[in-house]
Amino acid sequence: MNTISKEILREMYKRMNEARAFEEKVSYFFARGMVHGTTHLSIGQEASAIAACMALNDDDLMTSTHRGHSQVIGKGIDLNKMVAELLGKYTGYCKGKGGSMHIADVEVGNLGANGVVGGGHGIAVGAALTQKMKNTGKIVLCFFGDGAANEGSFHEALNLASVWKLPVIFYCENNQYGMSVPIDKTMNIENVADRASAYGIPGYIIDGNNAIEVYTKMKEIAKYVRGGNGPVLVESKTYRWLGHSKSDAQVYRTKEEVETWKKKCPIQQLRKYIIENNVMDARELDEIENNARKAIEDAVIFANNSPNPPIESVTEDVYA
Amino acid sequence: MREMTYKEAINLAMREEMRRDPDVFLMGEDVGIYGGAFGVSVGLIEEFGEERVRDTPISEAIITGAAAGAAVTGMRPIVEIMFMDFTTLAMDALVNQAAKMRYMFGGKAKVPMTLRCAGGSGTGAAAQHSQSLEAWFCHIPGLKVVVPGTPKDAKGLLKAAIRDDNPVVFVEQKTLYKEKGMVPEEDDFIIPLGVGEIKKEGKDVTVVSYGRMLPRVLKVAEELEREGISVEVVDPRTLVPLDKEIIINSVIKTGRAVLVNEACKTGGYLGEIASVIVESEAFDYLDAPIVRLAGLDVPIPYNPELEKAVVPSEEQIRAGILKVLNR
Amino acid sequence: MNTISKEILREMYKRMNEARAFEEKVSYFFARGMVHGTTHLSIGQEASAIAACMALNDDDLMTSTHRGHSQVIGKGIDLNKMVAELLGKYTGYCKGKGGSMHIADVEVGNLGANGVVGGGHGIAVGAALTQKMKNTGKIVLCFFGDGAANEGSFHEALNLASVWKLPVIFYCENNQYGMSVPIDKTMNIENVADRASAYGIPGYIIDGNNAIEVYTKMKEIAKYVRGGNGPVLVESKTYRWLGHSKSDAQVYRTKEEVETWKKKCPIQQLRKYIIENNVMDARELDEIENNARKAIEDAVIFANNSPNPPIESVTEDVYA
Amino acid sequence: MREMTYKEAINLAMREEMRRDPDVFLMGEDVGIYGGAFGVSVGLIEEFGEERVRDTPISEAIITGAAAGAAVTGMRPIVEIMFMDFTTLAMDALVNQAAKMRYMFGGKAKVPMTLRCAGGSGTGAAAQHSQSLEAWFCHIPGLKVVVPGTPKDAKGLLKAAIRDDNPVVFVEQKTLYKEKGMVPEEDDFIIPLGVGEIKKEGKDVTVVSYGRMLPRVLKVAEELEREGISVEVVDPRTLVPLDKEIIINSVIKTGRAVLVNEACKTGGYLGEIASVIVESEAFDYLDAPIVRLAGLDVPIPYNPELEKAVVPSEEQIRAGILKVLNR
């Protein structure tokens, strides 16, 4: 466990705090009607997303989801461009055309968030096929939710990747609900990971609120996948603290349930671990937190000062 | 008659039909306690219970296929596909199965199902949550296609759709959900599929439009009226079967036609409507080329200004009408 | 084992021979270009299909596949109408509009063959939902192939049926190939039935060439499903003797492999069982066989004497 | 130049492109040793091996999605979907993912994939194996759509499609697979997407047609020629981008237009072509209403006579042309 370097832990703590600060800001924007569209926040799931990304190499690839802010921050991202995209600015990752649900940075291997539940499965499989055919040694991290595990694309993707032995980690963030519907109403089994056996691949269950566990296990798993052994299915158990999207009265779950999970805050857990293991002290961590918040404020200023896309751009980039 | 929103009208139509006929039921993602992503089915699970208001896993293909299977064996399912964009996941079930079963089986089956979905842009939901794909369904024999533009039409047409013995794709318009209008409350208020309506009479030019664009067209038409230009607004309401007569007769009367919808122009249903006009006797009455005003041929962008620029604006509709009048 | 009545065995043997004779006739027609379109023959799979159907009640429902002749004969069918349909006649099950791939008889619960691999999954689930909602006590038998088990619809169907506890038997006829591709190239597991665990439902493997086993096990399984316990997945191991469809040079498998399986002929096996158990003697069985062949010849005469559909019918029955 | 079949021309195009560019590969059901359901890829696995000619499980959705994913990361996949009808299973991957990625990501991605599929009726394969759904794809910005009508076009256009940096839907015509024609053998013979061809010059009437109907139209045109009626036959070859100019110029020249395709009439692409004509300056030159000759609005029936009755026959094409000429 102590093998995680201070550098990594610092970066992990930083990214998790950035994600939290980013989403709190987004939530604030939405509450005040300052952004249009909708958004899906992952507060509570930061360890699950960020530690998983960080266990991979920088040049590995990933597909992200509608609930993808932590995922792409985990991959390493320019916060200015991200906030700018959220605000629909021309300086954003997608020149203002994508918004919260489509943050992508293909050049660095972020193949995009996806508005379609399960929409990333095929893209991840194809990206993994490229890595295999070009023998790049890179692997692909495919994020999806518990709800997405009931889409046909899940099945077809795991099957194809398994017969072709493609280097992809199917990473299910099981936050217990698909929108309003709890997992026990949409699946007749205990764990999403149990589905791995249907494809003859390993399945793993990890505590998605424990960044150390996520990172450590994902390191091993990534090694296995990089070794040419084919895909794996990982289930990261976690929970979203906020509603599904901006307009969710959350009548489908109890306040108590939410409170229980808030006690397992992934950021607080990591903080505790870092302090208890004498990696950094509270002051250092506070500074990281403050910097994270500051980084978001700076990004907001950058975005606010950025131009809107010119109207002519509406017809640009349909075709290459 | 009572004033209610488009959304409430749809809710009421489902409620009435479910009360009337125990074979009618609703299934879809989050249609239960959540009331559907847009709140259209709010309250139904409380009245009809979990057996008849069924939350499903996120599995569009099988929900739609199961609707076909339930329909062919005696139920009258309503399926909600949350966004029209996700019908892409259900096309085999809808197009190869539901639409064709009756014909393939030599007329010995009927498939009374209604697939409801929310179409259109304007909510900042970007490229994968904003499409208007009605033209696809119109191209498939065996399917009927409805796009209501007012609360009243929404109620009357949905009831007709549910009672119809064929698969009906019922395209709701996200941006109309909160629009209000007077709606008959009688249980037997039905608007038959295939019957259009003249939403405003006029004599100088015919504008054919439906769904979300309708209020926009009507607003422009009223403005122009005050300026002395008499615009007739024809709403086909159902795209398949299409009330060709009402369109053709109007164009014969006015000699000019502007067609307005939100879907991408290329390959959209306006091409069909234009062709129906030019193939008919109305061709000889046309005093000017038909003008199609449709969405740009681009995916829907996120930025609100770009998003607005994609669909015909009031100014563009006005300009289109004036153009066809050579003014 | 001896609990299967003579009546049932006689009917089973009859239907299996009818299916064989029917398909040999179809094969003959195609070889001579006397029928148009294509067809998928199930010679070698008769026990798998027919004994399964016969284990259910007459008023239970079924969905069939592109390789569905034995399946619908198993369900009990009017051979005249079936041959007429194959020949595109107006007296056929579908008035000549369906052909080999769309034989259906909705009234008696045959919800149709299907040209789309996996296309029957949704229909079967929906039909089972009707039975549950109307509390009819009937169950649904959903046929599909090993290849179909890789379609997304398989996954979505088994999942939905399992969470809703629907009375449906998902019955996979694993004939080792999806068209030219052997199952070990399309699945990374040994048995299709192993996928049952992904849905928390029972999975069964049966010897699809052994009518007695199919019938006996399916009797039990049907009872379980009728009992309101939800769906099951059954894998019936079998083999198709002929090519995939009319134009198949079969370069993907060896003659030896085919010969091995021919030795396991389901009809011969049943014959042997019947004789060894003194249920009927060879003469009786020969008579059944001859009658079966005669029934097909009669059906061909019926079909040949039947009118083609009137051209006007081309636009009929699009809408109800 | 060498005489070869449409099927061989497609095979050759793939072979040449795979030789030229190691990033090009083929995947699909039974494309390997079986050579594809129609034998189009025969011999490719022998030359390029299992890595580049990939038999897939029966999983249309993921094959298509994987093509998008492979394309966006640097490969140039060709996907074969056995029958066009089964693209219904791949619409999310094609329409919501492949077609939109570039735009959604602000131009920072390209998706150079080609989806080949076999369209059309005429083989006795009935309702689920015979559709002509090209209009669907034409309605989706981000996709290009090609329907070659001759072996030469098939080769030149497929090579262009493979080299194109966008997702291209390449619709092969089952009933043309065995048609023969002269085909350039040069490796650099490319027909650019978006460029139509006048397949026969004429001056009395323009017939716009593509794909399977083309040989039929040409046959009728030649017959009429002998009877003194000069028919110009325009083949757009690619439906998106559409060579509007070649169509409009021809109609301006002849003043009359007949449009012929096999797809169901309602909501089909002929509506688009008709609209393009009437919206253009050609409108003023039109001496008669445009005539659309398309498939009946029915699923494809099995019986051979019924099946034939569904698509425009030579007699109907002839009658349509004479009608537009008022003869």
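Each chain carries a letter (A, B, C and D) given by its place in the written order, and its residues are counted from 1.
Convention: a residue touches a chain if its C-beta (ideal position, glycine included) is under 8 Å from a C-beta of that chain, and two chains touch if they have at least 3 such contacts.
In this text, all values refer to a predicted model and were calculated from it rather than measured experimentally.
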Of all other chains, the one whose Cα centre sits farthest from subunit B: C
Inter-centroid spacing, subunit C versus subunit B (mean Cα positions, whole Å): 40
Between subunit A and subunit C, centroid-to-centroid distance (C-alpha), Å: 46
Between subunit D and subunit B, distance of the C-alpha-averaged centres to the nearest whole Å: 30
CA centroid of subunit C to CA centroid of subunit D, Å: 36
Contacts with two or more other chains, residues of subunit C listed in rising order: 94, 96-98, 102, 114-116, 119, 150-153, 156, 159, 163, 185-187, 318
Where subunit D touches two or more other chains at once, by residue number: 56-57, 59, 61-62, 85-86, 89, 92, 96, 103-104, 126-128, 141-142, 296-299, 301
Overall pattern in which the protein chains touch one another (line/ring/star/complete/other): complete
Subunit D residues within the subunit A interface of the complex: 25, 51, 54, 56-57, 59, 61-75, 77, 92-93, 96-97, 101-112, 141-142, 144, 165-166
Residue numbers on subunit A that touch subunit D, as the complex places them: 61, 63, 92-98, 102, 104-107, 111-112, 114-116, 119, 121-131, 133-134, 152-153, 156-157, 159-160, 163-164, 316-320
Interfacial residue positions of subunit C with respect to subunit A in the complex: 150-156, 159, 162-163, 185-189, 194-195, 197-201, 230
Residues on subunit B engaged by subunit A in the complex (per definition of touch): 29-30, 32-34, 37, 55-62, 85-86, 89, 123-129, 296-299, 301-306, 309-310
Subunit A to subunit B touching residues, read off their complex: 35-38, 85, 88-89, 94, 96-99, 101-102, 114-119, 147-148, 150-152, 178-181, 185-187, 248, 251-252, 308-309, 311, 313-315, 318
